[in-house]
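We call the chains A, B, C and D, going by the order they appear; numbering starts again at 1 in every chain.
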């Protein structure tokens, strides 16, 4: 019996193949970098999947074996097939955890689960970001200090068009004058979703230890915690109580 | 200059045309009954629209003249064109209020805005419903007592697969043993959404004064309160603050 | 019959009497400045009260005639009598609106209503604050743009030890590197509470039009909207439904 | 190094000593019954404390060794010393979990942390309660079905005068016609609080396996997950960023 949390790291994996500078930062892809640091955790079992694999590497079977799915995308959101999006969507509502990274705010799956445009302000000038911890007792804040800094980042600014998070864990400050709700928890169906803003492909952000800490925490927070055998809702049902 | 809140009452308007018993209860349609009691309010201006009108009566022009849209549907959710759903969706994110009634929990527009299945348990045996007021200071609770009763209702029971409401105003008790979050407020984009569970077509629920009170309150709560000229999010923007 | 919203502006009124520089900014006191701009609104009726008045100017009778109470304090939180705090507390739970300004985050009444320490980081170097609008459709955001700036402010930074707001309307950016949840809505009992961070006594912040706009909006949002005659909770009650 | 979660079960322990019928149900006290089923969990280490012990058994040292505190009280809320309440309060804000059971809704510590009256409707006629699971993916719902029943209970009904929970996990249905938010999660400071309604002293409710499951789940959810060395908020701080 498998006691480990099974994590699938999905990446569109285009920038790293087409741009030498990005390839230099992430030679095995962003998914490879994330899989590497997660793979050092004894309670986690890691696999990866990418856009250009068949069914984007997210077959029914892969998802059935996934407790937490991590998603990075940017250039090719529209290339993700709707059938795969629907498959991921159903699996999240059934309880799979989902961690949405950075530019995946515009992914089909995140927009579908949020029900909003998920738009935001952005700017890429390599400015500094400071990530403040708002809920210091939350599992995703475990091991962090009051804040941590990312030396060079792409700015993501408010207004971020998402529903108010069920729990707002992180707010970012940017040197150029903006703020951003950069760590947002959502419950949807039986699934837990975490949006985490840092992670632009042109900076080595996923090698930073605080960023890795947040992602490790998020995986543990998002893993399914239930064992219901029935459907989520019951449709037509007889009365439980005799009616007078 | 128009100072009144412009309300459009949308109804699929099928049951009333095809079923004599329902027609007897709602001879001018459910939309007609709702338009009638709302029309007696001096600050509201009411129009109606139905499924079988061109573009379901919800043209760009109609929506541009609508502050609050009320939606009732049941049998024909799939017949609503995606283009019209997208139009309503964009208008809600831009600030239009939306009131979703009863079986419209399964409408395309509500599912799209919620990002979940919106499933629930249900049973139709004409049992009693008691609607408890959870947030007594909320505008939608204005004029209500601690609870009100609906003598005969269709049961809608938990688990209701929606995101946790931004504000939970009403919870219903049913004689047969279930509970339901029957009055749920959501903010999405700049728009306000209220889901209100009572309203099955075979009972004269929309003639009940407490039900009418809730809908009148909801219209006033959901009306747009802003006057922003710019887009909701800014896309690429220059830094506001000089970077060192 | 009184149709106007009755606003009482409370100020501890010590800085303005003891410090010439502050008196030069607020010659009639901070309460006087707030009362002046609110008094120009046709739907509002304004009175003021201060710490050194008998019962701090907040007698049972005054509170019974108050729909919304605005509170500014800083130096003398401990001088506010517990009996008056309890009186305000009961009135808020019964439905009176309460607007807590700036350093009143440490007032007895706010700490009592929040149930937390209400601590925060702070720094007074006259830096710039930029206030971002997070919920653009909220009544308190009415008439604002995407953000507004306060040229010189006292910094209030996270982690702000309050419960997560029921609605988070504003987040501030500070030049020195911090962020702050600077506009927070709470429902407590039947009352609505708004915490608004800007307003240090050494800067002319309450003369700024966007700040005035927020306070005017908050008064209208916080006014009571119900008319229940009974107590908030019922204590011992007989069954509503016959038990089998 | 202690890897177990240290749980202290606190009970006022009066009913069981003064009433034979209650003593027959809980011969070792309600705290004894709770300690017994929790003590069978290998990851938990259980101690108990009661009102009539010195400092109510909750010395600084005991609290410093407590990860999660469970609280049951009913008759003697006013006998709990304010100094001990303040001690528990500070420890919760610092990160200790707190589980408030049944009639402890009126305990000093819960009212202080909630900031509201915590009043409710109640009735004791031994009616049936059905507890519905609203958030099926929440850790506290682990192992439960769609609902569970308590054959005989004291009714606790809305309106429950508490802040809207950060997460609403359970809603109860009562045979006599009421509903109740019976499983409510709150974050306060770094601490997690869970209010759980079932547990009247005259019924053997804490022997019921679903009730035990909820309490076990709640202990694990509420345990501290952080390791910050600094104070919760920073007071006066120098700028992090050089000011132009």
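By definition in this document, a contact is a pair of C-beta atoms (placed from the backbone, for glycine too) under 8 Å apart; a residue touches a chain by one contact, two chains touch by 3 or more.
Not measured: the values here are computed from a predicted model.
A.B. asks: Among all chains, whose Cα centre is located farthest from the one for chain A?
C.D. replies: Result for the farthest chain: C.
A.B. asks: Between chain A and chain B, tell me the centre distance in angstrom, where each centre is the average of that chain's C-alpha atoms.
C.D. replies: Chain centroid spacing, chain A to chain B, equals 32 Å.
A.B. asks: Roughly how many whole angstrom separate the Cα centroids of chain A and chain C?
C.D. replies: Centre-to-centre distance between chain A and chain C: 37 Å.
A.B. asks: Going through chain C residue by residue, note those that touch at least 2 other chains and give them in order.
C.D. replies: 130, 135-136, 146, 157, 159, 164, 166-167, 175, 177-178, 187, 189, 232, 234, 240-241, 244 - these are the residues of chain C that touch more than one other chain.
A.B. asks: Chain contact topology under the given definition, line, ring, star, complete or other?
C.D. replies: The chain contacts form a complete graph, every chain touching every other.
A.B. asks: Enumerate the contact residues on chain D facing chain A in the complex.
C.D. replies: 95, 130, 135-139, 141-143, 145-146, 166-167, 175, 187, 189-192, 224-228, 230, 232, 234, 240-241
A.B. asks: Okay, in this complex, where on chain A does chain B touch?
C.D. replies: 93, 112-117, 119-123, 125, 127, 155, 157, 159-161, 163-164, 166, 175-178, 186-189, 232-241, 243-244
A.B. asks: Quick one: which bits of chain B touch chain D in the complex? Just the residue numbers, please.
C.D. replies: Per the stated touch rule, the residues are 130, 132-136, 146, 157-159, 164, 167-168, 171-174, 177-179, 181, 242, 244.
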